[in-house]
Every structure is written in structure tokens, then in C-alpha cells.
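So, here's a batch of structures to check.
The two complexes that follow have chain A in common; it is paired with chain B in the first and with chain C in the second.
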Partner chain A sequence: MEEESDTRKINNSFLRDQNYATEADIISTVEFNPSGELLATGDKGGRVVVFQREQETKSEPQRRGEYNVYSTFQSHEPEFDYLKSLEIEEKINKIRWLPQQNAAYFLLSTNDKTVKLWKISERDRRPEGYNLKDEDGRIRDPSTITSLQVPVLQPTDLMVEATARRVFSNAHTYNINSISVNSDLQTYISTDDLRVNLWNLEITDQSFNIVDIKPGNMEDLTEVITAAEFHPQQCNTLAYSSSRGSVRLCDTRKQALCDTHCKFFEEPEDPSTRSFFSEIISSISDIKFSHSGRFLMTRDYLTVKVWDLNMETRPVQTYQVHDYLRGKLSSLYENDCIFDKFECVWNGSDSVIMTGSYNNFFRMFDRNTKKDVTLEASRENSKPRAILKPRKVCVGGKRRKDEVTVDSLDFSKKILHSTWHPHENIIAVAASNNLYIFQDKVT
Partner chain B sequence: MAGADGDDSLYPIAVLIDELRNEDVQLRLNSIKKLSTIALALGVERTRTELLPFLTDTIYDEDEVLLALAEQLGNFTMLVGGPEYVHCLLPPLESLATVEETVVRDKAVESLRKISQEHSPVDLEVHFEPLVKRLASGDWFTSRTSACGLFSVCYPRVSSTVKAEIRQHFRTLCSDDTPMVRRAAASKLGEFAKVLELDYVKSDIISLFTALASDEQDSVRLLAVEACVSIATLLPQEDLETLVMPTLRQAAEDKSWRVRYMVADKFSELQKAVGPEITKNDLVPAFQNLLKDCEAEVRSAAAKKVKEFCENLPEDSRETIIMTHILPCVKELVSDTSQHVKSALASVIMGLSTILGKDNTVEHLLPLFLAQLKDECPEVRLNIISNLDCVNEVIGIRQLSQSLLPAIVELAEDAKWRVRLAIIEYMPLLAGQLGVEFFDEKLNTLCMAWLIDHVYAIREAATCNLMKLVEKFGAEWAQNTIVPKVLGMANDPNYLHRMTTLFCINALSEACGQDITTKHMLPVVLKMSNDQVANVRFNVAKSLQKIGPVLDSNALQTEVKPVLEKLATDTDMDVKYFAQEAIRVLALA
Partner chain C sequence: MFPKGTKRKFSDSGDEPAVGGEDMNQPSSVAVRMLSSYSLQRQALLDMSLIKLQLCHMLVEPNLCRSVLIANTVRQIQEEMTQDGTWQIMTQALSAANAAAQCSAERLVATEVLCRQTEAAQGEQVPKPFPAVGSEGCPAEEEEEVVVEEEEEGEGGVTMSTVSSQAPTTYLPGTFGMDPCWEEETEEDEDSEECGSGSEEGDSDRLVEDSRTAEQVFGTFEIKNPAPSPDPALEELFSDVDASYYDLDTVLTGIQSVPKMGPYDLLESLSSHGPSPLSSSTSCRSDLNELDHIMEIIVGS
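Now for the complex of A and B:
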């Protein structure tokens, strides 16, 4: 992982002080837009913060690549469902950008129940000149008006505005875990524990239920949907993962209802490693199609797997994320960590994958060279332009310098959410209330 | 403009102009809607040089404001100085045609199409056509989608070199990177084909059509089906087979159910466009397949077209085709697994009887009707009942009446009140078809039972139904059969039923006429003015107001007036109010 060991921390300007961090500041999702110029984060307080990449300037060429706050807005507010006597958190579960369609940017953000389409636009002119009042706002005497004045637009400071364009609500009984925009740019899906709904981006008052795994009797429930995504190019293909470790691929062309899958990806269980925790750790926390559309990546508790869409029987690659935890599963079960939902991402060329771990460590696997690296997102090594050092967790008895023992890992620090720039080697990693952005060495 | 008079008239306009940028959307909207007033006050010169430039840049506004603006600008030609200056409207409409909101864009395009007609041929080439080109080659797909709708309006009126450019632009958009633009192009393909010279239709349009119809996105392919209809209409019959049919056949068997659905949905149009010969050879098997499609949505859409398709078959072979090819499929649909398919079929199947004639109907269709009348889904039964008139014309309803009755009774007692409501609405129709005897014998009790339904909407519909029945069967029938029963309810212990009596009287008095109203109904109403429930009493007042015009003046003065006067002094406020209201309306004061 040559390129990655050169990764530099280039910006820490938006690290919040740990001491003052509140629950609401914890980042719950992070996502680059399709051009990589913008980066959005959502937090438990229902806020969305959009960062914009600085343009290269002659005076400060090294500043190219720094991401600075572009717009901040409150996407969701806490609500109360009076019918079910249920509190609805404002936490942003997912953000998905739409491809740019005009000078404005659009993103979808969702909490447990409601998806919203936001428009982020710039305004740099404002109208001036009133008939009935002067420039200071003083009302003029109507009898002094002898001619009409048409307002004129004058340049002003750049303002970035976020407006909610659509609110897609009342379609989910269970909590939404994913949203995914279709390549036809007309529709998207929202997925909860038991159902997948298909929406038209322009229509908020109806959605179509295309997958429903709710059994007639809830006592027969054996699995839930954990994530779903559309294929990046084939508008008719979508995949959803389950808590039992399988992925189903659906073809929307076949039928209006996709209850029957057309492909089923599952690895047969190895009976020798079977334990009380097998089922829990095989639950898939995230799925991602590769940019090429050929592969599908799944993340379960201990591994990341890459599947070839043409081979359903077993993954083409399996990477151990933190196999050293296998012996600690019972204590991870005790402290609920075993239910953590780690996400995974591809790099722009599908050659490297990245996913998170504990102790603010995150892992990268190069699919071609088979090399892997563990890196740490921490405030200590987050000085601008510092180079990230690979970290190692020691498994055996002897601890070498720079190594960390399994027992000293901090399980309260975890990297659940991360995103990779669509074309360049820039990654954004969320650790609790901090966002770290690392990039390939600036040349 | 100066001087005291000018100030007064300027003030309202000044308010309107200032409100163009008020913080309240409603006020902005209001100002935009009065844009013509502002423009008139400013005069054509200032409208062109000041107002339009301002409006061109106000695309930050709310959708509803932009929508109103886009619409206004379509009617602005005279306000900018007539056709000579109409091109001044292009910049604001151009910027509106690029916003992300589809309804606004569509409205801007609509207005652009409208004002394109007001351009002189020269202006069209100097101003309008460059705008279309700019939109067509814009960076964002919003502008390119808008361009798709503008080609067809300028094409017929420009020189042949410009025509060639327009064709080229359209071709480029048909293979655009984004599916949005390809969809827009596909949806305008038919319209564009119509203004093209036939040679270009054959050379250009057909290749674009074929490409769009095999696009990787099914949302694009399905729009090509629509274009297929217009293209097929334009081409001479002998070219259809080679140029259109391969694509149509492919669409009817497309992998994606949405495309097949579109074919089913447009089937009648396609049938007319391709003509009888191709219908016989190609469309009949295609239609059979759609009726047997694995996706219920497709079967529903096809089932809805059964009657229309059969009607439009060439006369010489119509009966054979229906009997040997269509009917077997229809028979299967009667027991389809999806209730939507069954109810779609039920809404048209009766229409086949007129096409097939008496003998075939009795032998082949009647068993299907009877099966559908027993269907588990109420909507299927309702759809059959609602179309009874078609069968009645061909074979008479007697054949059906034995099965009809249980079906009606079951619907009349359905647990869902909307189902009950639906069947009530068909009662007058049924009564007309079945005749008074059958009605009295079998259905009258049902109609009366609805009057005491526990859902108000049903009781209300039931009273309305009685009125229609009286209109059909006459006052004498009413007096003998329903009036006694209705009046009997006036003594019911339940006040809601007593009120129903009043509602029935309101509905029936006019249809029954003066005699029955005065002799039978009025005494009951008057007696109810002593009811202990205030709601009943004020409804008495309302009833009297309603039936007053039917009564003679003697009855009004001697019987109605004293009662109303008494009610006007009632302890209950509402009773008082309605009694006074009735006195006022009937002019009894």
C-alpha cells in the first residue's frame, strides 16, 4: 500500500473539541458527491454539513484539496408519532447525492422515517431599489412618488442556501437503513428492516413497495433487511442484504413486485467455526456495488467480502478486518459492540477497499497486490500535512514497539462511516464527532 | 407623469413592483400574476429594458412563483411591443427553461412554443433558433431536456441549412449521456417526426427510434412505444413492415414488464396506426401474449383493452379471431390470481356481447359473466353489474337475473360501506333494466334497509336512490310502495331514523308531486315538530322550507306557518334559527 502509507492529514480545521462534544455532534453518515468537489456529513442532531473543496489558486497552490465548510443546515427535527406513541429521532441515517443537474446541488437525507430532497444553491446578487421606501428602509410619502422604479439586481456577498425541495414521508413502518438513487435519475429506493420502497424523485405522495419480507405472523420473522443499493449502471438491478449474511439481487424488469430474487449470494457456513455468535457476526452491515458494476462488496462483523455478480456460491475475495476479535466476541456481545454497523467503500478505480474498525483504526485492502494496512484517525497524528503511520495490533504474547495489544483497544472509539473521493485518493473518515480527511501525498 | 394625478395612479403599481420581492411568497405570487398591469404602467420600452432583465435573474424564487412567471411570459408579446420585439421574452424564458423543477421547465417550454409562432421567419432564425441550440448544447441536462420540446415548433419555418442543424441537434440529444435527456427526446420523437419531411422520417427518425427502443434504460424504451404510434401513422403501409414492426415486436416481448405494459396500454392506438392487415398477422398473437403475461400489471392493462381491440378488428374476420384467439385468453383471465386483472376485465367484458351477438353471448360469454358475478372480489362483481346495459340490449337481462340477485344482495350487505355505496349507485340502472315487478319483488326491501344503515353516507345515498327510483317508476308506485314505509319510520325510537324520514321527504316531495306531499307527507312532518330531539325539530324546519314550494298557498298559510312560528320560539338556538330562515325563504312573515 505504497500510496496509502503516504497519506497525509491535510485539514483539521473542523475538528470539534472532544471535551465539549455532545451526543448530537456524533457524525452518523459521510458522503462525497459524484464529482468529489463536495462532501456531506450528517449527525445525530439532524444537521447536515456540506464541505467544499478549495479551488487551486496561484498564490497558494498547496491549499488545493482542502475542504472547508460550505453550508450547514438542519435537515431533520425530532418528532413524535402520536399514533404509535413513538419518538422519531432526528439522526441522519444516510445521505446520497444526486448527479448535478444545474448550477445547484441536490442531496437526499434520511432519518428513521422521512427522506428529504435538499437543494443547495448559491446566490450572489440581490435586488435593490424600492418604490415605497428608500435604501435605509424608511417609508416614503406616497405623494412624493412621481415615477416607477424597477428593482435592479446588484452583486452582493455569496450566500449559500439550502432548501428542502421534497419531503417523502409516511411510507415506512420500520426504520430506514438505506437510500439509493437509480441510474435512471428518476427514481430512488428507501429501505427499512422489512421493506424496500421505490419513489419517483418528483412525486412525494406515493411510493411503490417492491420488496416486502414481512411474514404473515411476526413470530415467523427470521431475518431483516440491513441495506439495499441500486446497481450503478443497470437501472433494473438492485441488491439487498440480510441479517443472515446473504445478499439477494432483484430484477425490476421481471415483475412489479421483487419478492422473488433472481440471484442469491451466500457463503455456506463452515461448521468448524460455528458458535453462539455465528449468526450475529454474519449479519451484513453494508453493501456496495463497485463503480464498474461487476462486483458487490459486503461487510459483516469481522470481514469484508467481494462478490462477483456472476458467482453466487462464494465470494471472490474475503478480507479479515480484525480477526483478532474472534476470541473476544463474548465481551463484545456484553457491551453491545457486536451489533455495530460498519460501512465499507471502494476507491475510484475499484482496486482498493476501505472499512472501519475499533480504536479509531481503519483498514485498507489493495485487491491487486493483496497488501493491507491499518491506519489510525486520531487527534494526535492529525496535524496538517502529517503522514499517517501504519498501525499494528499484536496478537501473540510479545508486543513490539508501535504495536497495540488487543486488550488495550478502545472499543468506544470506532470508525463506522467513511467515504472515498470518486476519482482521487482522498478519503473522509468519521470518528465520533470528528471528521478526518486524508489525501494522497500532495505533489 | 408628474403631478398630483399621476401620484395616485402610480401608487398601486409601485406597491405591486415592490411586492415582486416581498418576503411573503403569496404577495410575490400575487404581483407576478399581475405582471401585465405592471408592464402596462411601465410601457413597452421600460418593460423591455428594465422589467425583463430583472425577471431573467429572479430564478431563485419558489416554484409556484416561477411557474406563474413562465405562464405570464407566454402572453406578453403585446406588452413588449408586439411581434417585432417578441424576442425580448426569450432570455427570461431561457433561464426558466433550465431550472430543476420539471413543472416550471415544462411551462417555460410551453410559453416558448407559444411565442415561437409570433416570431417572423427572420427572427426565428436570428433569435429563436440560436436559443434552441444553446439549450440543446447546455452543460446541464435540464436545459437539454427543455430543448427537446422546441425543435418541432421551429423546424417547419426555417431554411434548409438550419433544418439540417436542427436534425443534427436532435440526433445528438437522442444519444445523450443522461437518461433524462434521452427520455425527453424519446417523448418528443413522435411530435418531431410529424414536422419532418417523409424522407427524413425514413432515414433519420427510424434509426433514432430503433436506437431509443433498444436503450439500456427501460424508462427510455417505454417512451419509444408512444413514439411508435405517431411514426406508424406517418409512414405508408408498405414501409411499416420493414421500418416499424421489428421494433414493435421487440417491445411487445421486452424483458422489462414496464415496456410491455406500455405496449398493452397503447394497444388500441397501435392497432389503428398499423392497420388491419398487420393487426391480423402480428398484433393478435402479441395481444394474446400480453393477456397471458407473467406480470399482473401488464395483464390488467391488456384486459382493459379487450373490448376496444375486438371492436377495431377488421369486420370480415372479427368473429373468427375473437372466438379462436381472444376468447380462450379471456376465459383464463376470469379466474386470474390477481383481483386487479379480474376487475379490469370485468369492466369491459360485457362489451363483447354486442360484438359477438346473441348466440355466442349466451353460449360463451354468459358462463363468464356468471362466474364473475360470483367472484370473491366485490369490485369484480360491481364492474359486471355496472355494465349490465350492454348485455340487456343483446340477450335481455332475464338470463342473468337468477345469478344477479344473490350477487346484488351480497354486495348490498358487504361489510365495507364503500362497496355498499357503490351498489346503491347502480340501483336506478338495475331497476330500469329489471323492470318494476322484479324490483318490487326482490330489491325493494334492500333499498329500504339501506335507509337504516349505520353509516350516514349510505343513508344519504339511499334517500337519493329513492328519488331516482320514483323518477323512473312514477308517483303512484311511490305512494304504494315506498311512501308508507318511509313515513312509518317517523315513529322509530331512534332519532337518526326519524331524521331519515325527513331527508327522504326532502328528496321525494318534488318527484311525488303536490297531492301526495300535502296529503301524506306534510302531516307527518308537522307532527314531528313536537319531537323531543332538537336535531329532529330543526330538520323539520329545514324540510318545511324545502317542501314549501311544492305545497299550495292554503296549506302553507294554515298548516306550515303556525308550526314554523312555534318553532321560531323554540328554546334551542338552532331550531329557532332554521325556523326563522324557513319563514324568511317561504315569505310567510
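Now for the complex of A and C:
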């Protein structure tokens, strides 16, 4: 499939020199809101930047809705845990939007320990004509007032404010890796390495622990939770993945503490590819339910798998993301790249799935046509509004023109986070401190 | 001082079969060479994994998922090596090398033991730290004399830990002679306690605040009250503590409780903390020599 790249190099950095990027600007999460009108990014410095799509104008139809900065706020600050003498990073691990219910927008953002509910609202009017204050805000001497007036709301420049409406803290001993809003829109779960907690959006001083895999003796710990998500329609169903490559589906109606699963998804290991790294590469880094709710997608180090919720024995589809790395696992273990957590996303119709790779490559797989494509998010290799050229990694001996050899891949350039517009073919891809937005070509 | 070349000794012994194999007929020597190359790779992987576990971040908690995956990998290699019989050779070689080594000043006790102690015995005022069992060749200092007495008193009595019958669980710190005493104990399969090295008296040149060694990973820290009294209740409490417990536990949780302390901070904290429960304020002690040793592993293997 061809994509026109409306590559907006929206740089989250506040520095003028775009070549110099501080680590605080590295984007750590991206997420479209349910309508697709807003796009939120969180970075390592604890900031959230929200982009809004421009309304399409009839006069310039080719300038389809571009995304511009709508609001920026500091969501989390670095903290210090005095008990353990450890820093709590302000890096935003995940952002999840709530569906819009009134004029304001709500999102949940989380760092390692604390989840916050932010309200983003617009203000384009202000009251003018106070009696006790003059236009500059200074208090008037009451004795000078001779007549009364009613303050009137006057239009002003648009102001977008973000306020923290709820802070959900002190519920996680370990680091939070995911949050997921329930379809009931009243509750959500936050997940750390060993536990899943259920919260009510209105109540910040209580949460229910619904999954706890902490062993009595920490020495027996061999598996951690890597991600969890609520089913998109069934408010009682949630799934969580583990570092051992399995997914468990739980039903909260069955029992309050969902330590026993209803379904267990795990593919038996292929003995021919067994190595010391087998377990590490089977660790699931992300899970996503399809929009239909029928399928579940999991991402492990080398593959993306699509599971039918009705079949636990094996996935219905397995896609190789970068199988050429299989022979390089020991170097990737040495430089810690083998622990990179890639995310995966569905498109709106669940027909295409997308995930990231190294060298700023990202891959898309069409589930119907079985075709796949590798694209690159890079300023050097694509001009704005040019169609993205498919990339190829050369596996065999002879390298063709424009192919990239495995050895020349840049492992520091990784696409871990990406998101797909809920209805249209617009994707946002985070490449360290740069955000790329690609749109489908208008024919 | 650690004998240099401890690591190399194993590599050499690993190479010997290959060299010796030259005398035999071709196919078996090739097979032996391949086998030793595989075991060298496996050893390298084991070294790398242990270093990864030990080098913790200074201020931020290490990633639990990553630690668990690395620990599982180490366990897997270790199990395979035990089946091969390679494991026994290695531990014997290392313990022989380290038997002659001098242990430095003090015995330290694992965080977990004391944490368990404070958890289990909330009513007790002062956690009575058990001195670790001394090992041969250690210079007798104040605490160590007491230690030695303790050990003599009751081999089975003062039992902080029972080493589990499964060899895999007791390998972690001992393998690389990070701490000769520790490793020796586990190798001998005794009922013994952890010990580590460090100095309290302000030998600031021996305290390196930046290096993370096995002790820090496994949460050893300073004894506040070096003179213990053998309390039968406590002995009973610890009689079923598994040695392996504080291996992995420290890896997975003790890492989180490692504060950044300088050499002089330690002295201050010693005086100020006193008999407070030692739940999560652990202090790291590392020897400059151990840093050298880690570097040898990284560079040498």
C-alpha cells in the first residue's frame, strides 16, 4: 500500500537546535483519542503534548487535516522514594484517552508509580466588567463606585488548560507498565510487574487488586506481567501477558481475585529454534485487542501474533517482523536491545497491523492480502509530502541497491511506540524525540 | 586480595581437553573442540548475564522484567552445566583458588535474612544480626573471633540457612569468587551464612561507592551490632531459611533497596540508626578489588 507522507517533523523538543536532543525529549508513548481528533504524546521528561487536527477547509482540500500543537503540560515530576532511596522517574509510560462525554477532553497518564487523570478544556471567553475590580485586576475602592454593571462574557483568544483532576497513587510497589480504560467508562486497570489493580475513576484512595502473581518467596519469581488490557466491549473481561510468552484471559465475574484464568494462550515452543535466548525473545512486550473484540494481538521480540479468542492452542497468524535478527541474538543480548519493548497496533478496521523495528523502520502487515511493507521514519530519507518508499533489509549475500544490510542497521534508532487513527489511515510514529505523522494518499 | 587469573583458570581447563584431544583420532578431537567452543560460549553468556545482574543503576530501580529474564537465563545455563558435570569442576577450581585468599575485614549479613527477621519478629526490639560463618584463611579480627566461635558452637545450631539440595540455586555469587567466603560456603554445601567483605573503619580507599558487586546485588550490608547472642528462638526461626533465598531475592528485590552512600555517610548512619529495624535501608559495601575483579571478567572472558 502506498502512503503519502505528510511528515510533520513535530519536534517535541523546546530547543531551537533540532539536532541536539536531550534525553528528556524522547517520546515514550503516543495515542490517538477515540475520535481521532487529538493525538497525545508523552515523553521521558514527564511532559504531555497534545496535538489537534485542523478542520479541513474547502479552499485547500489537499491540505488535509494536519495536526498542530493544542496543549502542552507537565504531567509528572521526578520524585524520590525515601524509603528505598530510589528515584521515581517522571517518564510517561502510557497515555490512554477517555471517550469524550462533554466539551472537555480527559486522558489518563502514568509514570512508574502514579496515574493521573487530566482534563483538557478550552476557554475562549472571559468575564469583563467587574464592579469591584478594574480592567487590570486591581481592587477598586468601594467608595468610588457610583453605578453597578453586570459582568459580560467577552470572547478572547483561545486558551487550552490542562488540570489534574485525579491522582491515583500509592497502589504500586513495582513499576506500572500499562493502563487500560474499561468499556464501562467508570473503571480502569493499572498494571505493574506483578499486580493488576482496578480503579474507579472517581475514587483515588482505593483500588482493588484483581491479579497478583507475586510468589510468597521472591526467590521463586520466574515470570512477570508485561501488559494488560480490558476487552473493548466486554467490561468483565481483561487479558494480561507475561514474560514467558503467555496470555491469560480473566473474567471478573468469576471471582474477585482473578488469579486463575479463564483462558490461557500459549504457543508451544518450536524445539528446532531453541536457544538460551528462547525465553527472552518469547517475552510479550505488548498486547492489543482488535476493535471487533474477537482477536488479540501479541508482540514478542521477533514476531507479531494474532490470536482468535476462541482458540488457545496457537495463534491464527504469525508475522515475522525482523527474523534476520535471530542470528544476532547474542549481540543483542549484550547491548540489551533484546529487552526492547515494541508496541503493536491495529488499524480501525482490524485489517492491517503495524509494529516498529530498528533503524527507524516500521512494518505493516495486511491480514487479508498477506502483504507486508517496511517503511522508514526518517527526515533524511523522505521529503515532506512525498510517498514513502518501501525499504528492504538484505538478508542474503548480495545487496541490491537501496537495500540495507543487517550489519548496517542502527540499533539505537528504534520505533517502539506508534498509534493508528481510529477511523482513517493516519499513523503517528515516535522515533526517539521526533514524531512522524503519515497519512494515506488522497486519490 | 583475590588471586588474579581465577577466571582464566577455568578457561584454561576448558581448553585443555581440546589440546589433549589432538593426540586422539581426528573426529573426536573436532567434536571435543566444538564442545569446548560451545561451553566457552555458554560460559561467556553466563559471565555476561551475571554482570548484567550485578551492575545496577545508581538511583533508579532496575527493571524487574529484565532481571527476571536474565536470572532465568542464568538458571537455565546453570542447570545445563550441572547436567554436564562442568559445574562441579568450576566450583571446585574456584574454591581451591580462593581457599588461600585472605578475607577482608568484616562479615556481613544478607538483607533478606534481616528483613525476614524484622518481618517475622516484629516484637523484638533489636534485630540480632547473625555474623556470617568464617571461612578458613580469614584473618582473625574482633568480629571474626566471635564468628568462629559461633560456628564451632553449633554447626547445625546456628543455622541461618539450609542450602537446598538443588545445586542450581546456590551458584550466583560464588561462581566468580566475588566473595571467597560466600562462594566457599555454597560450594561446601554447609549450613552456613552469607558473608561479604567490606570495611567499616573508614578505610575509605577500599570503599567504592560507584561499583556494584555481588554483595550489593544480593543486599549485604553492615552489621550494626557485631556481638550477637545465640538466641534459640531466632535460631529456630532461621533453621529453614534457604540459602538460595537470598540469592535471587536480593537480585529481584534487594537491588531496589540499595541506597547511594558515600564512605563517610556510612559512619554517620551507623551512629544515628542504632537498633532500628533494618527493613529496607541497606548500605552497599564494595571492595576496590572486587571492581578490579569484575573488570577482569569483562575484559578477560
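A few comments on the model shown:
By definition in this document, the second predicted complex is superposed on the first by the 414 of 443 C-alpha atoms of A that agree within 3 Å, B and C clash if a C-alpha of one lies under 4 Å from a C-alpha of the other, contacts with A are read in each partner's own complex, and residues count from 1 in each chain.
We take it that contacts are C-beta pairs under 8 Å (C-beta built on N, C-alpha and C of every residue); 3 or more make two chains touch, one makes a residue touch a chain.
Please read all numbers here as calculations on a predicted model, not as lab measurements.
Applying the stated clash criterion after superposition on chain A shows that chain B and chain C can sit side by side.
Once chain A of one complex is fitted onto chain A of the other, the partner contacts of A:374 are absent, as it touches neither chain B nor chain C. Looking at the shared chain after the overlay, A:237 reaches neither chain B nor chain C. Between chain B and chain C, B touches the greater number of residues of chain A. With both structures placed on the common chain, the touch criterion links A:191 to neither chain B nor chain C. Contacts of A:110 after superposition: neither chain B nor chain C is touched. In the superposition on chain A, A:130 makes contact with chain B only, not with chain C. Distance between chain B and chain C in the overlay is 9 Å (nearest C-alpha pair, rounded to whole angstrom).
Shared interface residues of chain A, touching chain B in one complex and chain C in the other, do not exist. Contacts from chain B toward chain A in the complex involve residues 1-4, 6-7, 10-11, 13-15, 17-18, 20-21, 41-42, 46, 50-51, 54, 57-58, 60, 98-102, 140-143, 178-180, 183, 216-219, 254-258, 294-297.
Remark: chain A residues 83-87, 89, 112, 174-175, 193-194, 217-219, 221-224, 226, 243, 276-277, 279-280, 283, 330, 333-334, 336, 339 touch chain C in the complex. The touching residues of chain A, counted against chain B in their complex, run 99-104, 106, 119, 121, 123, 125, 127, 130-133, 142-153, 165, 183-186, 202, 233-236, 252-256. Listed in rising order, the residues of chain C touching chain A in the complex are 41-42, 45, 48, 52, 59-61, 63-66, 68-69, 71-73, 76-77, 169, 242, 244-249, 252-253, 256-260, 280-281.
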